[in-house]
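Going in written order, the chains are labelled A, B, C and D, and every chain counts its residues from 1.
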Amino acid sequence: MRARVEIRFRPGVLDPEAAAIARALGHLGFAGVRGVRRAKVLEIDLATEDADAARAEVERMCEVLLANPVIETYRIELLDRG
Amino acid sequence: MRARVEIRFRPGVLDPEAAAIARALGHLGFAGVRGVRRAKVLEIDLATEDADAARAEVERMCEVLLANPVIETYRIELLDRG
Amino acid sequence: MSEITPETVAAHGLTPEEHARIRAILGREPNLVELGIFSVMWSEHCSYKSSKVHLRRLPTEAPWVVCGPGENAGVVDIGEGLVAVFKMESHNHPSFIEPYQGAATGVGGILRDVFTMGARPVALLDALRFGDPAHPRTRHLLAGVVAGIGGYGNCVGVPTVGGETTFHRRYDGNILVNAMCVGIARRDRVFYARAAGVGNPVVYVGAKTGRDGIHGATMASAEFSEDAEAKRPTVQVGDPFTEKLLIEACLELMAQDCIVAIQDMGAAGLTSSSFEMAARGGTGIELDLDRVPLREEGMSPYEILLSESQERMLMVLREGREAEARRIFAKWELDFAVIGRVTDTGRLVVRHGGTVVADVPVAAVAEAAPVYDRPCTPPPRPVPVVCHDAAVPVTPEEALLGLVGAPDLASRRWIFQQYDWQVMADTVLGPGMADAAVVRVHGTDRALALTTDCTPRYCEADPFEGGKQAVAEAFRNLCAVGARPLAVTDCLNFGNPERPRIMGQFAAAVDGMAEACRALDFPVVSGNVSFYNETDGRAIPPTPQVGGLGLLEEVDRATGLAFDRPDLLLVLVGLGHGWLSCSLFLREILGREEGAPPPVDLALERRHGTFVREQIAKGRVRACHDLSDGGLAVALAEMCLASGIGARLVIPDGVPGRFGWLFGEDQGRYLLAVTPEDAPLLLAEARAAGVVARTVARTGGDALILGDGPPISLDELRARHEGFFARLMDE
Amino acid sequence: MRAAVVTFPGSNCDRDLAVAMERVFGRPVRRLWHGETELPADLDLVGLPGGFTYGDYLRPGAIAARSPIVREIVRFARRGGLVLGICNGFQILTEAGLLPGALVRNRRLLFVCRSVRLRVETTDSPFTRAFPQGAEITVPVAHHDGNYLADAGTLARLEDEGRIAFRYLDNPNGSARDIAGILGEGRNVLGMMPHPERVCDPRLGGTDGVPLFRSLLEAVAGGGS
């Protein structure tokens, strides 16, 4: 089973890298850029084929390591093995 | 219009970060982790409401700045403004 | 196995004659794997086929040299049972393609060259050449290269303590990224890459092997796989974290008595590392590729042998010590695999899937490696141009402000602030603080002084004088901090050696370097050659980069640029003739790039260096700076900026030209800050030693005053000095 | 003073910190490996050094914060033991939840290595008691992710409780309220981005870090904070 975790900054946390990308795009002449947000994606291949077990396991991974709740939120999605 | 760009390493390019995350998950007792891959997502809010124009513009952004064609590939998706 | 066609041979960068030679050595047609092996072993990079005949002219010996060129790095004695191990290497092309990873892996590679010899790396330096600051790519390349060097060095925890950065449009399509690493080892614990002991295990450690950077030439051979493009990134990605673990694990193992030979896997990876170990030891080696830790599935023997994946090492262990070694690498979570044995056959025999995929005689390949004495056109000797004061449309103050803000002289703070130059807590003088970086030898009162030098505009005008000057400037920078110059590493960056003009430049630069090294007792102990730095037939200026290493026996004597108080006298050592030909002044202020560079008088150079060093050892020198780009006025301005204290320079009556006196680049000169009490003694000793020295300035105030000109406030000077990078990099 | 410094894979200021501590404490400092599951019984102080543990992968300090030894250090801190996290050590302490807030990429996105001016904001801690009130010191920073952030409530609480130990006078990274170092609730844990261990030797350009280590010596000799 493959899980996809998308981790992003909580609303209100200033992301200097996203801000820099927006600025750089502006400098490069992309005038229509109103804003940029960033997220990181982790795709995790799991041994289990049970969707519930997989989701529960990845949920725990996020709590234990993958996301920092002080600044980040996450969303888990299960994929068919691609 | 909002565009979503997903950028990842080309197949075969070493991703030491993904490997380190996989190893850390193993140490934390998540025995079922077979592999981890990483991608980054940029969500870009654009002034235009024309889908074709938006796609063309983001395509150019990827070429010029957002992705590094030597080691990365990207995929663009257009979203309704969320 | 596919057929070897003339196209396959050409795609491997081998000539028909070289192909014939391969057939003669093997007594048959090589298979593709073997062709790949020959192709990398006989590449310019591994075989030095175009440069060898010239490099032989460089002096390589001195009583303090423990190991000269030929091993992974040079080794010199630094006393107290310790040695310094150092080398410089280029990563020019990869850095142009992918500046961050190219520069980062360049640092990774040079670190491995040093710790493979048993030394703990203690310092990094980087010599960088970029194109015109206004060229659209320059900014991107500069940002990426600096981030990559910092990204790697900072993470492994080795301080980047110095370097050089210049700009010229001739590097637009071929930037140079030369990295130097220095390590320290116990003299009785230096490790060499010489295989020995029939039956001893050959061990692979470090990261896994992927399809990274496999020899570009082979892209042409279609039979590998349809999706060859997608599968073979030619850019390697570095992993400084793994490198850090590899350093610690290797040094931990080296403290045991387990290792017979060790060699990093650099260019051409497993092939050249196993080959070189066997060649140096006069043994054979058997490899079983099925045991190599792989990152990807389905790798062919060709790919495994030629992969340039980073952070890997090859070792020969004493038989029976595998378990002990394996334990150490397991502790550091690194791969460890016995992949072969040392044999007495004198052949490199490679197996994969149970069959022999390559079988080549080691000594024959090494001995038969092509050596070319390529045609040389001696470079023309240029004549000096003269420059009269009347031809200068600006005031000396305007010229100075222009020079301190010029791309080649502006403050490099933007760069070195991105490098952790203090980690390891032994950096006594870091970037921007002195002519050479000074790094204490941990746990002793000694220190190493380190510098990189080359003035490409001199080398372009006159490769012989330029080569001499690069060595002399390194020598001078070491003396200026109070160090005794010990030895040199180099990185010779040139264009296409198949062109007689380029080869002529190369030969002349080597001759100039050799003459200077000999005269200054400053032998070359390691180095690297990078040819083919050209695009569309336009070569870079000859850039024989020199890395110098010196020794201070008392770290407390290390002398920097900054005055520590007002009312010091500044003594100019050496005689100026107002040499503006080929100077930075001529280029930046008058827009003229021409004329002969200032000649270096090596006897004077040596005498002056010795004098300065002795004065520093006597504790008389409060600050010191050598005179180089921009001459006396720029040197003084740099000292003022480093200390935040002004100075008044007295221009003697009767100088033939004010601009020549202020900005001339006559060689072999220093500016020493001394107290008024010490000055008479120092001047008397100078006279006795046959050294021309005179007081030219006094420190004080918050402005720099040139003769009877208007004061230039340090604030304005600083704004100009800091302005270039701020403008270039912050929009 | 019985002090220890922990080495994680990728730590690179571990030796520097131990050397500085030994210099000021005048006695040997224990070196602990991250895989150890117990702390020596009699410790007064644990130092978490700078570096790039696990290559800074995922988030700086994140993976190291989940090491067995950090669990023990959290327990040690809860019992009142002294814990000092410098640079990457600070990042580990926030990731482990021993200190509030988080450290993210510097505002200008570049690694920054330079000396900064700091003000000592409180002398009411075992780490700062030997500084004069309001002292200004010069200490180097060397980091890529030193931009401290926390929610408004946390920041207000840090201010109210006097737990901001050091503030930048020339903020190099964009940290909220110029925060360079903070104390834990019990004032026995300090995390800071600047490197005091790099300014404990006059040959290396300063001794402004010495009072921090002297504070610890006094605190331990005096029997607590």
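Observations, loosely collected:
Here is the rule we use: contacts are C-beta pairs under 8 Å (C-beta built on N, C-alpha and C of every residue); 3 or more make two chains touch, one makes a residue touch a chain.
Predicted model only: the values in this text are computed from it and were never measured.
When the C-beta contacts at B-C and at C-D are tallied, the pair with the greater total is C-D. With each centre defined as the average position of its C-alpha atoms, the distance from subunit B to subunit D rounds to 35 Å. Between the CA-based centres of subunit A and subunit B the separation comes to 10 Å, rounded to the whole angstrom.
For subunit A, the set of residues touching two or more other chains reads 64-66. Multi-chain contact residues of subunit D (touching two or more other chains) are listed as 54-55, 57-58, 63, 66. Touching of two or more other chains is recorded for residues 239, 241-242, 333 of subunit C. If you check each pair of chains against the touch rule, the ones that pass are A-B, A-D, B-C, B-D, C-D. Subunit D meets subunit B in the complex at residues 54-55, 57-58, 63, 66.
Subunit B contributes residues 10-16, 20, 23, 68, 70-71 to its touches with subunit C in the complex. The part of subunit A that touches subunit B in the complex is made up of residues 6, 18, 21, 24-25, 28, 30-48, 57, 60-61, 64-66. Taken in their complex, subunit C has these residues touching subunit D: 147, 150-151, 154-157, 239-242, 244-245, 332-333, 416-428, 440, 555-556.
Contact residues of subunit D toward subunit C in the complex are 9-10, 12-13, 15-16, 19-20, 50-52, 54-57, 110-114, 140, 142, 144, 195, 197-198, 201, 203-204.
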